[in-house]
Amino acid sequence: MFNKDNVKRAKLLISCPEKPGIISTVSNFLSEHNANIVQFDQHTTDPQAGMFFMRIEFELTDFDSSYKELEQDFHVLAQDYSLEWQLSSEKKKKVAIFVSKGDHCLMELIWRWKSNELNVDIPMVISNHADLKEVVEGFGIPFYHIPISPQTKPEAEKKALELLKGKVDLIVLARYMQILSPNFISHYPNQIINIHHSFLPAFVGANPYVRAFNRGVKLIGATAHYVTNDLDEGPIIQQDVLRVNHRYTAEDLKVAGRQVERTVLAQAVSWHVEDKVMVHGNKTIVFT
Amino acid sequence: MFNKDNVKRAKLLISCPEKPGIISTVSNFLSEHNANIVQFDQHTTDPQAGMFFMRIEFELTDFDSSYKELEQDFHVLAQDYSLEWQLSSEKKKKVAIFVSKGDHCLMELIWRWKSNELNVDIPMVISNHADLKEVVEGFGIPFYHIPISPQTKPEAEKKALELLKGKVDLIVLARYMQILSPNFISHYPNQIINIHHSFLPAFVGANPYVRAFNRGVKLIGATAHYVTNDLDEGPIIQQDVLRVNHRYTAEDLKVAGRQVERTVLAQAVSWHVEDKVMVHGNKTIVFT
Amino acid sequence: MFNKDNVKRAKLLISCPEKPGIISTVSNFLSEHNANIVQFDQHTTDPQAGMFFMRIEFELTDFDSSYKELEQDFHVLAQDYSLEWQLSSEKKKKVAIFVSKGDHCLMELIWRWKSNELNVDIPMVISNHADLKEVVEGFGIPFYHIPISPQTKPEAEKKALELLKGKVDLIVLARYMQILSPNFISHYPNQIINIHHSFLPAFVGANPYVRAFNRGVKLIGATAHYVTNDLDEGPIIQQDVLRVNHRYTAEDLKVAGRQVERTVLAQAVSWHVEDKVMVHGNKTIVFT
Amino acid sequence: MFNKDNVKRAKLLISCPEKPGIISTVSNFLSEHNANIVQFDQHTTDPQAGMFFMRIEFELTDFDSSYKELEQDFHVLAQDYSLEWQLSSEKKKKVAIFVSKGDHCLMELIWRWKSNELNVDIPMVISNHADLKEVVEGFGIPFYHIPISPQTKPEAEKKALELLKGKVDLIVLARYMQILSPNFISHYPNQIINIHHSFLPAFVGANPYVRAFNRGVKLIGATAHYVTNDLDEGPIIQQDVLRVNHRYTAEDLKVAGRQVERTVLAQAVSWHVEDKVMVHGNKTIVFT
């Protein structure tokens, strides 16, 4: 008898060099494992010699037993076809938020999490300042204050890595005003999302609003991207802009920009935790 | 030996009640016919009991011989699985444009056609006024002036239908200020695109800019939709808006709105002729 | 000696039937009262026989003594010229928020108030449900639960009016799911702002997201407007939209729409409390 | 007797270091000259010690006689107050268009000119290629083909300057793929508008669409700015963006971008010829 409670969703992400028949191979596999595809997205950078990306969301009956078998069998198929892949069940992703003093991006994420708009767990918030301790703990989220100076940075990062170890699937830099070291980043490849307060690559680096004011732009923007060793050069996940005019002071731009920062970061995080983002070199494929 | 010139693209659109395994069945079929999928889009209205929509763009070697066989074989498969389907080769769609006196939407379409941005043939322009005869013929496009009065409408439509018969795949109403009869529409189901100068369903009917002015809206818009017997109620393909303020007179709204009308109509026509639009009841699925 | 601390800003709003020389009259008046104009906005609906609207933001030295005199003198001038006018000092406006169960608009306003982005005092939140009592009181804001049924409505409104009396300059309906009576509204003409979850006048009335879903629109929107006796027909202050596609369920539209509702309402409230909105019949002039 | 035909509009632009009473001085002046202000815009960069900008649109009865007197008198006032100013009657501005091979921006300007949306005369089009000669002359606009090579550039610019001399108020570079020399630019300060195919300052320089593709941006844009000696660094008049995704090839970005380029350039030109743009250092004040 059909038991709806036992039907659960899973998501399969695949990338490989373009090869004919890959869609039929994978869809046959899922069909044979009684997986019912409910959403299918695909991208080919070049049908002749490019890279192939695929995201499949499927429903599985008798999930708990079926999922394990499907995972094991797919492991074999993936080896045969040299696929890179990732299989995710409906389990919530664990997200650590890094923040400094500005709370607008942090609060947006927390607000969406509280409203069940963002399907995550937030095991911890880490900050180089103590300012937001009370407000974070007020939501029942552990808050760790790890001060950073140029001298203590290696030690501070070590401490953070220990706190994070095994506990998080994603780190979100919600206006965290420190640059992470290559060593730190190497532990979380394509698993650290930063929000930059400009429409990158305009105004790479510090003080983008002041520079936007000085340049007299008519649009200000924000960019959510994965963090790599090249500052502000990682794969862009989402960008948006806001119209401004000559009446905006540099301070006005900063205040207005918060709105775009909040939205852009929340969208990027939401897409990441729904496994809708795939990275290809320095770019992203976002299946929305 | 591989002859790149013989590799051509085709597009397969499929819709059917949701049934498990449909993706694997169709992708197997294409694989067996040496078709290489280059773009795959899919939509399910409800995984349990909804409708399933699929658009597949594929490359075929030795196109001229392979395409015919593939078409015949798919006919059999479609019957077995009760699929509704449409297979299109790269052949340009033939588009007739209906226009009255305002030329901005007409000129946008012609400009994009001249620039090879719109991959169509334009076998004719039909108008209830003679005003645009010279400009249309200047582009080498046949222009037919068919005046319409309440008395002559049936006859006028009959004349238009005769001109169109067998010659067009799509009719675009580029600010054509006449309402087509149900009889006329029945000849071109989901093959007539109209541009309405409001963000429907606001301001259904006549004079939307004057009514937008009177209502004091802060955004004006335009809507491209398929024409059905219910005025301004057909499936929406594309919509967009433009910010305005208290300084705009009704006439200013009209002038500003032309910009949105042009863009929205051109996008909708472009998606239609690339077989990216599927109709489901009173809605569209647009695979962009 | 110049004491910068004693320099404060004030705002003068004026409307009158169009008459030549009004700008020079008023600017002379301000000049003579040592007021330095820092922002000047003006709108004429028709230079021949329309209405004239003006907003002047000015700085005044020795504010406390000068302001009173300026106000008294302007009273005389206004009578001579039959001007409608409003003079506001920098005093924060007092805003009461009405809410039902959905907290997204409420939280956006509170968040901006906490961040000093919204320059107001919030003396109270009134709700027909008790759900948000704890969260509101957590911010130190008095919360009043006034349940409403068809039978108790007159009494409930009476109670609310008593709580509000003399204590508020603006009422914001932040997703308050009750219709206010003409009697209630008459106490706060153009001082009640509502957020409607559609781009009015599309989907006037209830359940706009479900109706937007059924109509298959490609944009959803939100509208902030002053409340009048005609439901959803009051002067529009701000509107915005968000692009959606065929993948959005009615529930997805609702969730996505929250984002637009929040932003649009916060902008409208912010413009109102900065005296940037003037009402003309059923329309607004917004000096941004 | 009132003769409406003799009522005409003029526009007065003023800039000066911030000084108290300037608005009342100028509005008194206009009042005394029977000028009726119909639109008034003002901007102060800093009320204490900044620059003051003002745009006044006014109606004048018995225009032909009054205008001359008003102009002479204002000359005196401007000297007394050290104002920079510009007075324009309704006379159409003369615009020369420079173009290379791509015709989309050119055609947009011509189309708006033909539709009376752009209130200008177009005395000539100058191109370094002959490709667009026929289409331009088809509109009755003189076309001058001035080829340019590194060797002939000084001579070519000399030839262009001779053609332009005394005949144009504005030069529009409608995708003109040559860099003008400082000498050429010095003849038309803040009178040359260029369209750059990126949201400057991102992708300053050549091939912005290829670089946008390589960077994986999610928005592409266009920027209209005045030309200065610093390439792509002149005062920005207008910018806009368009959302793109991973499916866009570099070529797709280029085609999609044309739409934004056309709109942004046409808006900037339209604002310039309506005297709505004032330049302040490297920025613009745009009174829209």
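Which chain is which? They are A, B, C and D, in the order written, and residues in each are numbered from 1.
Please note the rule applied: contacts are C-beta pairs under 8 Å (C-beta built on N, C-alpha and C of every residue); 3 or more make two chains touch, one makes a residue touch a chain.
Source: prediction; values computed, not measured.
*Asks:* How would you label the chain A and chain B contact, same or different, if same means the shared numbers make up over half of all numbers there?
*Replies:* same
*Asks:* What rotation angle, rounded to the nearest 5 degrees, superposes the C-alpha atoms of chain B onto those of its identical copy chain D?
*Replies:* Between chain B and chain D the superposing rotation measures out at 180 degrees.
*Asks:* Quick check on the interfaces: A-C is repeated by which of A-B, B-D or C-D, going by over half of contact pairs matching?
*Replies:* Checked against A-C: the matching pair is B-D.
*Asks:* With chain centres set to the mean of the C-alpha atoms, which chain is at the far end from chain B?
*Replies:* It is C.
*Asks:* What is the distance, in whole Å, between the centres of chain A and chain B, each centre taken as the mean of its C-alpha atoms?
*Replies:* 37
*Asks:* What is the distance in Å between the mean C-alpha positions of chain A and chain D?
*Replies:* Centres of chain A and chain D (C-alpha means) sit 42 Å apart.
*Asks:* By residue number and range, which residues of chain C touch two or more other chains?
*Replies:* Residues 39, 247, 288 of chain C touch two or more partner chains.
*Asks:* Over in the complex, which chain B residues touch chain A? Could you list them?
*Replies:* 20-21, 23-24, 27-28, 30-31, 34, 36-42, 44, 47, 59, 243
*Asks:* What does chain B use to touch chain C in their complex?
*Replies:* Contact set of chain B toward chain C: 43, 199-203, 214-219, 221, 235-241, 245-247, 282-286, 288.
*Asks:* Where on chain D is chain B touching in the complex?
*Replies:* Result: residues 39, 103-104, 107, 111, 115, 117, 138, 247, 255, 258-259, 263 of chain D touch chain B.
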